[in-house]
Each structure stands twice: as structure tokens, then as C-alpha cells.
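Read the structure below first, then the notes.
Note that the chains are named A, B, C and D in the order they appear, and that numbering of residues resets to 1 at the start of each chain.
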Amino acid sequence: MSPRILIADPEPRTIASIFDPQTLEELRSLGEISLHADGSRLSATELESALEQASIVIGQIDLPTDRLCRMPNLRGIFNVEGNFYPNVDYQFCFETGIHVLNASPVFATPVAEAALAMAIDLARGITETHESFRTSQEPWGPNSNSFAFDFTGSRVGIIGLGDLGSSLRKMLQPFHCEVKVYDPWLSPRRIREQNCVAVSLDELLATSQIVFVFAGVTSDNENFIDAKKLALIPDGGVVLLMSRASVVDFPALIAELKAGRLKAGIDVFPQEPLGGDDPLRAMKGVILSSHRTGGMNTAFLNIGRLVVADIHLLLRGLPPQNCKRAERETVSRMRSRPLSKVMM
Amino acid sequence: MSPRILIADPEPRTIASIFDPQTLEELRSLGEISLHADGSRLSATELESALEQASIVIGQIDLPTDRLCRMPNLRGIFNVEGNFYPNVDYQFCFETGIHVLNASPVFATPVAEAALAMAIDLARGITETHESFRTSQEPWGPNSNSFAFDFTGSRVGIIGLGDLGSSLRKMLQPFHCEVKVYDPWLSPRRIREQNCVAVSLDELLATSQIVFVFAGVTSDNENFIDAKKLALIPDGGVVLLMSRASVVDFPALIAELKAGRLKAGIDVFPQEPLGGDDPLRAMKGVILSSHRTGGMNTAFLNIGRLVVADIHLLLRGLPPQNCKRAERETVSRMRSRPLSKVMM
Amino acid sequence: MSPRILIADPEPRTIASIFDPQTLEELRSLGEISLHADGSRLSATELESALEQASIVIGQIDLPTDRLCRMPNLRGIFNVEGNFYPNVDYQFCFETGIHVLNASPVFATPVAEAALAMAIDLARGITETHESFRTSQEPWGPNSNSFAFDFTGSRVGIIGLGDLGSSLRKMLQPFHCEVKVYDPWLSPRRIREQNCVAVSLDELLATSQIVFVFAGVTSDNENFIDAKKLALIPDGGVVLLMSRASVVDFPALIAELKAGRLKAGIDVFPQEPLGGDDPLRAMKGVILSSHRTGGMNTAFLNIGRLVVADIHLLLRGLPPQNCKRAERETVSRMRSRPLSKVMM
Amino acid sequence: MSPRILIADPEPRTIASIFDPQTLEELRSLGEISLHADGSRLSATELESALEQASIVIGQIDLPTDRLCRMPNLRGIFNVEGNFYPNVDYQFCFETGIHVLNASPVFATPVAEAALAMAIDLARGITETHESFRTSQEPWGPNSNSFAFDFTGSRVGIIGLGDLGSSLRKMLQPFHCEVKVYDPWLSPRRIREQNCVAVSLDELLATSQIVFVFAGVTSDNENFIDAKKLALIPDGGVVLLMSRASVVDFPALIAELKAGRLKAGIDVFPQEPLGGDDPLRAMKGVILSSHRTGGMNTAFLNIGRLVVADIHLLLRGLPPQNCKRAERETVSRMRSRPLSKVMM
């Protein structure tokens, strides 16, 4: 009998946004699909029945203990939003060997390339000069670069060397930067293998001209880059805030920008959308981005490809290799967060 | 007897802008320096005497045949501005084995990194979104990327694979782009060695989403990227104009931008500075840069390092390896140009 | 209280062979060590007590269900021999979140570099020519390369893209080979990410000039490269047998060598040591290696470093990142094998 | 009128050995070919007439001043043997802008890949172990690697960073070696650009575990690696002698091998072929190669491709970019050598 695949509550994703026709075709070839998504909803009875037969669940449907107990065939749960939510009994899954997965790696490349462009831009003053053209005040000649520094060969710090940080690190290769990394969840060996130097947060901040903040929020790290930490960054430093606004003391960052001491590229804000009269809108030395660096249509379509690639493996009795696995040790720490939509 | 090194008419460079103290020290260790530069000018007699003894000339001083005939020790002439001017009798130099060199390779890295940032920016809509924050009109959510495309994996065309193009090509490595090159002065073998595909100009334009224009102006190629050529670029394409404005039919490019069909990053203009009321200043889909991507202080200081490295070689009877050599075949074509200051 | 670390039955490793003084020091700083190894054996009572308190076990001591049930603090079991043996109740460990790990990744680099050298050697006829010098029969001049082919640009196949295959793949980068991979346990996406083409075993064999066999033995694959498969390899092909002799029909391989149709580098044999009068010893077109490509002292000392790096993580409540994890899906298949000492 | 291309005295090459049919076709499309080669010889009169009309000469025909004076169209002379011989009036060529070129870059890759294989082999004891199998004396188990060291991460020295050394350097990239270079003809900047450290010969020898000798013979450097220099190499060091035997004091090298202090891969000998009873033939710790690492048929066929690529350029009035140019400063030093056939 063909395995059953249930797509349930994939919101905010739609089927069409994450599966291109060819990938959907491939998914169909792997099992019989039940759809509880988009306009197509199952009745409560149908849904329970679909759950009970499912080998695979795709979506963010609640899966508490009692439901999981009634799902004997279940091998994998794919969150297609990008985070691990506390609506799944992870402990049950770990004990029984059900993989809980998310497709967040798809966002790494688009976020990293945008972060790189912003970092070079801020080092070299590209957008700042461009904006001065708008008011016919752009500098020409020798003074036009007085505030600029070379990105090539600069001292770079990366806070958080997960998928995103690793993606960026590869993009830095041609620029011969010395790259320092702070990542308390990562083994120094793994950091060195990526040709980075593992350092403390303080050392990273005190010695980097450009600081990429890719850390996700955990139960431990809210506002861990506070005013005191920001003060460690040398004058003229550049901060790229790409993951979650709440890892930084945001008002302290704004104060540094206002003082003209630091520059920043900001893709995430404490409140989104940003207030219409927020002073950031008029500030210099900043590039503002509306939490949009990850959300490319191509990234969303890659979700489907990653999911199907891992379903292939799971149904053949092999471990998943493409999506990100929930891990016993860390999922609980991530779960304890109020959930916003990181890199949605 | 110690070799004589004459620094004469290095303008627009000053000694301090191209030689840091350590490099100047190193230069002094190589020979006895005569200075006809900055505030320190030689009398006509002193100058002639310095020329007659010089093994090395650094600067853009006129060196017509009769002068060169009186310079028996001369081994190398270093243009520190960045171009080959028609004020040297090149033919005489080629015949007698005097190397004529310029230090233009120093500009390759800073221009390339800026061009890369602009290209990613235009593909992803970074500056455009940033500017919309200024008027509180930025898009959030799914629509925020409707006009964007991934730089990673995009189809890139490079027109002119000299120092600058080669520098950029290396920076593209992590992005897995297919890179096509049009360079009529370069052997297809050399293009392939840099992991690019050698194509005609028309094929390049018709198949690239992003077109980097790095071609210098020669006796043959003024306006060679005209309206008809620009029309070949697919809708939504991005043009980076980084070398010389006059290789492109500038009004035709503006028309494409105005129509919203293409986007562009522009560092060079037909007239510089750009007129205060030029319509470009108000246009969307463009990043404007005041001919400043090459002119980093660090680049100027690298001129001195390149020059000293090659003087070392020349005075030991070895061929130069760091600066760019004037070549019999090509210098005449470059010379025939009205000279502006490319990437000064 | 300090965590307890039990080193028990690490044989065939000794403490000194896997821990250099500095790593041992680091291990000591992580917990209190009990030693049941080398000359230092615990009494049965002491051993049971040490097990009961252990947070970490290093070694191949039997850990059946009943023992594991008495080990409430246990977080990680480190096999330092290099394989997963059936003397641990893996199911229990998976359910309760105990990581079972081995340090086999340390062997990847030394085996890969040796395999590369052998492959180039066989393609170019290096050892064969060298041996002909011994009998003064070496060829000189144009005929000296009649039987050789370039390694650079050759068509390479890799069977098994685990740690070892991945290591080799990176070493192939400068040689511009087209690399095909057959690995039924690996997702095609992961294969493509390593810049390889995922193909069937038959296609790999039929199109590769050089075939690296890195596959371990599983419950499914004994002798899976049989006479018929070997016959697919084009004339003059080169086989590198580096992982386990029993994945290949060894007599069939010998027959191909004897016929002069294929060449081979062989590091593993059905019976080790190889019989003193084995005909392989006199055969041409072969490089013989006494199961020694992995067993470098430096590799053994890296075992200790990997183990300590992961103990660091485990004791901080983080998942291991350096050693290889036993996986529910695959460990059972590997366990079902009669165990020999692969890459000891 | 179609340009005339004269192929004269290409020996030891034959037309068929350096031009595959497609390349020959391409050559024919570039001009009218006269053949004074292989079985097809011109009469003295015909030859003089062909010379007088030739735009391009391919081959090692004598071109003294008087002949060159009668060749008004000549733009390029292509030596297809691989060296610059003193049978051309180079001075005349430099003065008049005739390029003298050779195709030696084609040998870089095949020599480098063979040198790499030999270096790994000697570090790891591959051939030595293999040979011990022949007499059933191979070591098994822990002792089998007692004399081996890892190639990955080893300290490497390269003497001569020309085409060959550069090729090898790229192949070292995956091995994370620290690479030191001694090359008195090369600017330290160029050495650093290839990610090497420029050092003195003594420092290189005293600190490298593996020494690649790629230096060609010049008027200055015969036997420059003498007994005293060899003694600087640390015990257990490996020497790869790949370019010209006469740069090394050969008897001193043999003495080191005999003493078991160094190991070596040797592709070039003071006398070739090597004497039938030379003691080297019985020595341990050596890999012997009959001056064959460069002479691959594929390399010879690349000669034609390089030559044709540059003729394309020359006939379009562009400088050559693929073959190696004779340089005023260095050709005279190379010319002063008695000529043997390096890397023929």
C-alpha cells in the first residue's frame, strides 16, 4: 500500500508557493497525498483518519501526545514555515524515532547574499553617496571616499555560524578577510573547519570592522548584544542585523547610529512593520530592509524540494539529510521563545 | 654608483598619496631619488640632468624621442595615474627595451567589490527598498520581493576581462553564476581558464541578467553598446557601468532606465560631475556613484608598492611583474583616445 | 559534582595512542576519569560503580540493556575503534537520548590522500615505471607514456560519498575531473552540493576511467561489485579499493588485473595479512598496500581530539558535532555485518 | 592576401604529434601553410622564399640576423620543443617587435600531477610498502606506518614558481600545507598572490618536509643545491627533482638517499638514459622516473592548441597570451646554457 502524506496547516505557505509543478509531481509519486490546506480542508473526521494513516506530515498542524499516539506510521513531520513551534510533542518524537524537520536552510543563501551586499555598501559608502545624488550634494574627487574602507581584507565577525553564517562565510572567501566567529552552540573544531577563528563575543566585537548578527533567539540570549557590547565595536564599525531584532538592544544600536559612531544594515525590527514616523527612517549610515532578505519566491520553492528530497529518504528507511532536524538538546531552548516569524 | 630614480610630474598623485613611509623607505634603499613633484621642483637644468642619469622615471613627465635619446640608463617609466598617455615615445621604448608601465591593477579590487555590491543590490532591490523607507512606502511581506531576483545562480555577462573583470570573476565564485565574457582582445583560452564562456557581444547581452561593463575606451569601441545592443538585454536586466561612460550610448541607457526595463549601477558619466539637475538624479532603478569606486586611499598607496616591487626587478635585470606593461600592439590603440581620467 | 568519564575497553587503542598529553589534560578538566584500560583495570565492582556514575563512556565495553538501565547520567558513548558494534543496545540509547558515536572521520583524510596518490600513479604508470628501473628495463622517450593517461580532466567515479569520499572529492578539485557518485544512502541533493553527479552504479562504472571504492559493508551490499559490474569499466580503467574488500568480488577483480584490462590500488584484502604466496604479489598493474592508509599515528591522536570536542558539547547540554553519530535507520544495517576492522 | 605560416624544423615534434586534425584545420583557416617538416622538405630556394613571406614560423629552424632581415612580415616565432635556443637573433626580434614564443606551459600540469603523486607516495611510504609485498616482507598493523608522515598539513617548499610550480601550488590547495617559495626571478608580491611565503633558499630547505625542485638551469645556478644545502633539509625530508638534474649536486643527493636521511622522486638525471648498473636502481627511498612526467601525448597536442590560439591573436594585431614569451632580460641567461631537452 502506498504511504500516506498529509499536508496540513502549511500556513503561511500555500501549496503553490512551496511546490512547483515538477516537485509536486515528484511528491505524488512518493505516496498518496491528503490535503488540509489552502481552500481544501478536510472534515474533522477525515483529518483524524488522515493523521492516523500518515507516514509523513507536511505543515504546522498541532501534534500533541494524544494525536501522535494514534499515528503508528509516522516517520517525519516537516515544518514548512521555518521554525520549530511548541505545538509538537518533541519528546515523544525523539523517543519513537519520528523526525521533526524544518526547511529553514533554504533561506541561508538569499539572506547571506543580501547581507554581503549591505556590508560592502556600508564599508564603501555606496548607498550614502547614492542618496546624496538625490539632493545634488554628492562628493566628487579625492574627498568622495574619505569615510570609506575596503571590504576586501577587512576584519569580519560573525555571530552565529549556522546555515546562514556558513553561507556568508563561503561568500567571503574571495575577499581575504580574517573571520572571527562567536557561536556558543558550535564546537570550535567546526568553526576552524570553516576557516574561521573561534573567539569570545567580546573579542569579536572589539576587533571586527564588520559584525554580522545571525544569531537566532534562544531562551538565554535576548538582548545579549547590549549597549556595553556595542560600545566594544571600533569607531566606524558596521553591524548587519539579519536574524532577530531581539538579540540586540535595539535602542542602544539606534543610539550608536545616531551618534554616527556605527553604521548598520537592518532587516529585522522589534516591531514590524516599522512605525511610519520612526526616527530610523531619516537616519544616515543605515540601510533599511523590510524583513525581506529571506523571502524570495525561489527560496519558498526550495522548501518543497528539500522536503521531497527528505521524504524520499525517510520512506526508504534512511535518515533525512536536507532539512534541519529538531535536536533533543536545542529544540527545547528554541521552543521556550515567544514565536515570531524569523526570516519568514 | 647607485641608480638614479626620478619622480617627475606624478600629478594628480602626490608623493604621500602613493608612497607610505615604509614603501618610500624601500624606494630610497634602491637608488638615489630626485624629486620633481609636489612643492619640490627642479630647475630646467637640474631636470635635464636628472633625466639623463635616471634609470627609473616615476610620473607622467613628457618623454619624447629627443629626451629618451639622452637617457642611456633608462630601464623603466612608471605612469602612476593609471593610463598610458601619448606623451611618451613608446616605439622608442619598445625598440630599446625600456619598460613603460602603469599601476592600474591597484584599482581592480576596489572597483570589483563595489560593482558586486551594486549588482546584488539591484538584483535584490536593496537600495530601492531602503529609499522607500524614507517616504514610509516600503513594502512588507510577500510583495516585498515581487521585483527581485536571486544573484546566486544568475546569468552574468562581463564585457572586458582585464584586471577588473578578473577580479570580479573571482568574487563571483561563491555564487555559482554562469559567466559569459566578451573581450575581443583576449584569447578564448584565457577566458575559459577563468571559468568563463567566451561569447559574442550579442549573445552575452541577449542571455545575461546582469551585465558588467568593464571595457576601456579604444580607438574602435566608442558607443559600441548602443541602443540596439541594450535592447538585447532581457527585461529586468541589470547593467553595471564601471569603466568609461563613452563605451555606452549613454542617452540610450537612460532611456532604458526611464522605461523601467533595465536597472543600472553607474560610476562613470559622460560629463563629470553630473549636472545638478540631471534627470538621472530622480530616476528609480539606478544606483549613482561619483566616479569613486576605484579611488580608495589604500589603492593609491598600493601604486607605490607595485612600483617599488617592479623597480626591484628592473634594477636586478629582470622583467617587471607587478605593474601593467604597455604593449606594442595595444598601446597605440589606447593612445589614440582623448584622455580622460579613468578610475582616477 | 564533577561529571564522571569512564574509559573502558578502548582496545585496540591505548590511551597514549589516542590522547596526546594536551588532549588528555583537556579531558581531565572536563570531569573525573575512571580508567579500565591498558594495564589499569577496575575490579568488577569498581567497574559497575564507575558505569553507574558515568556521564560519558569512551571505549568498546559491552553496554547491553541491563547495564544501560543502571546508568542514569549517561549522555554519550564513544567508540574509538571506528565502527559501530552490536554490543550496545542502540534502541535503548535512541529512545533515551544517549548519543552513540565513533571517531571514524579521523581516517578520512589519510585514506583519501593515499588513494589520490595511487590513482594518479596508476593513471600515469609511476610505480610500474619505477619497478622497471629495478630490472633496467624502463622505457625512455616517446614510448615511455604509451600506456598512461592524464589524471587531470579524467572521468572519476566515487562509490560511497561518506567522510572518506567527501575528503577525496575536495582533493580532486584542482584536477577538473567530472566526478560521478553512486551512494544509495545519500540524497542526490547532497551529492550535487559536493559538485558531483548522482548516477546509478552501472552508469558510474561504464563511464569512469578511475573508480574509487569507499563503500562500507552493509547487510545489503556484499560483493555488489561483481564480475559483471567490473566488466562495465572501460579498458585501461583504474580501481581503488580502500574501504572493505568484501564489497567487491575479489577473485573477479584479480582476474581483470591478470588480464591486464584494469589496474588497481588495493588497501584491503579478503584475508589479512595477504598469503605469502598470493599471486597478487607478482602481478603487474597493481599497487599493494597492507591495510595501512588510515592508520597514521596522527589519525589516532585525532580520535582523542574529536572525542574531547564532543564531550565538551555533551556536558554543556548540546548535541555532538565532531564524531559520527549512530543513526536509528542505518546502524542496524551496519550492525548486521560480521565485524572486521575497517581502516583500523 | 592570406598570411603565410611556415612550419620548419619542428623536430623532435612531428606535425601529427602536436596538431590534432581539428587544430590543424583551424591553423589552415588562419593562413597558407608551407611545410618543411616530417617527410615534407622544401628545397633551399623554396625555403628561403617561404621564410621571406612568412608572418609566422613554427619550429626550431635557425633564424640568424641575416635571415630575419629578409622576413618583413614576421610577427611570431613558435618554438614547439619547449625551450629557447640560441639559434635565433633575439635582440633583433625584441627591437622589431617579433614575438619569440614557446609552448612549455603545456607540460606544467602533467609534471605537477606526477610530482604530487610522488610526494604523497614518499611521505606515506606507498611504493616502498608495495615493493616489500614483492618479497613478502610488507609490514602489517601498527608498525606499517612507523616511517610515514601525513602529506596533508605538511610543510612544503617549492624552488621555482614558474608554470610548473604554479600548477603544483594549485594542486596543493586542498592539503592545507604551508608553502614556502624560493624563486630569485619572481617578485615576492607574485609569490604572495599565490598564497605562498617568499623565503631564502636556506630557510626553505631548513623548514620544509617536502621540497619540489622545479628550477630550470640558468647561467647562474648550476649545482646550486649542493651538499651543504641538502644537509639543511630536516631528517626524513622528501625531494622531488622534476626540472633539470644539473641544478642539484646529484652525487650529494645520492649520498643523502644512501644514508637513508632523505627520500626522493627523480624524473631527470645527469645522464639519460640512466646507466644500466647505476646504484640508484637498487636504492630504497626513491621513486625513479625516466624523464617522462611531461611527455604525455595530450601535452604535445596542447602545443598545437596554444600555438594556434596565439597565431589568432598575432594575426589580428594583438599580443600573444598563451605561449611563453622570450623576455629580453631572461632569455639571454637561459640561452647561455648547453641545451638539453628539459621536459621534452
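Keep in mind that, in the parts below, a residue touches a chain if its C-beta (ideal position, glycine included) is under 8 Å from a C-beta of that chain, and two chains touch if they have at least 3 such contacts.
Quick caveat: nothing in here was measured; it's all calculated off a predicted structure.
Student: What is the chain whose Cα centroid lies farthest from the Cα centroid of chain B?
Tutor: C
Student: Determine the centre-to-centre distance between chain B and chain C, using the mean Cα coordinates as centres, and give it in whole Å.
Tutor: Chain centroid spacing, chain B to chain C, equals 51 Å.
Student: Counting in whole Å, what is the centre-to-centre distance of chain A and chain C, each centre being its mean C-alpha position?
Tutor: 35
Student: Can you tell me which residues of chain A touch two or more of the remaining chains?
Tutor: Correct list: empty.
Student: Determine the shape of the graph in which chains are vertices and touching pairs are edges (line, ring, star, complete, other).
Tutor: Ring.
Student: Which two-chain combinations touch?
Tutor: A-B, A-C, B-D, C-D
Student: Under the stated contact criterion, what part of chain B meets chain A in this complex?
Tutor: My answer: residues 109-110, 113-114, 116-118, 120-121, 124, 126-127, 129-131, 133-134, 136, 138-142, 144-145, 148-152, 170-171, 173-175, 272-274, 276-277, 280-282, 287-293, 295-298.
Student: For chain D, which residues are in contact with chain B within the complex?
Tutor: 94-97, 185-190, 305-306, 309-310, 312-313, 317-319, 321-322, 327-330
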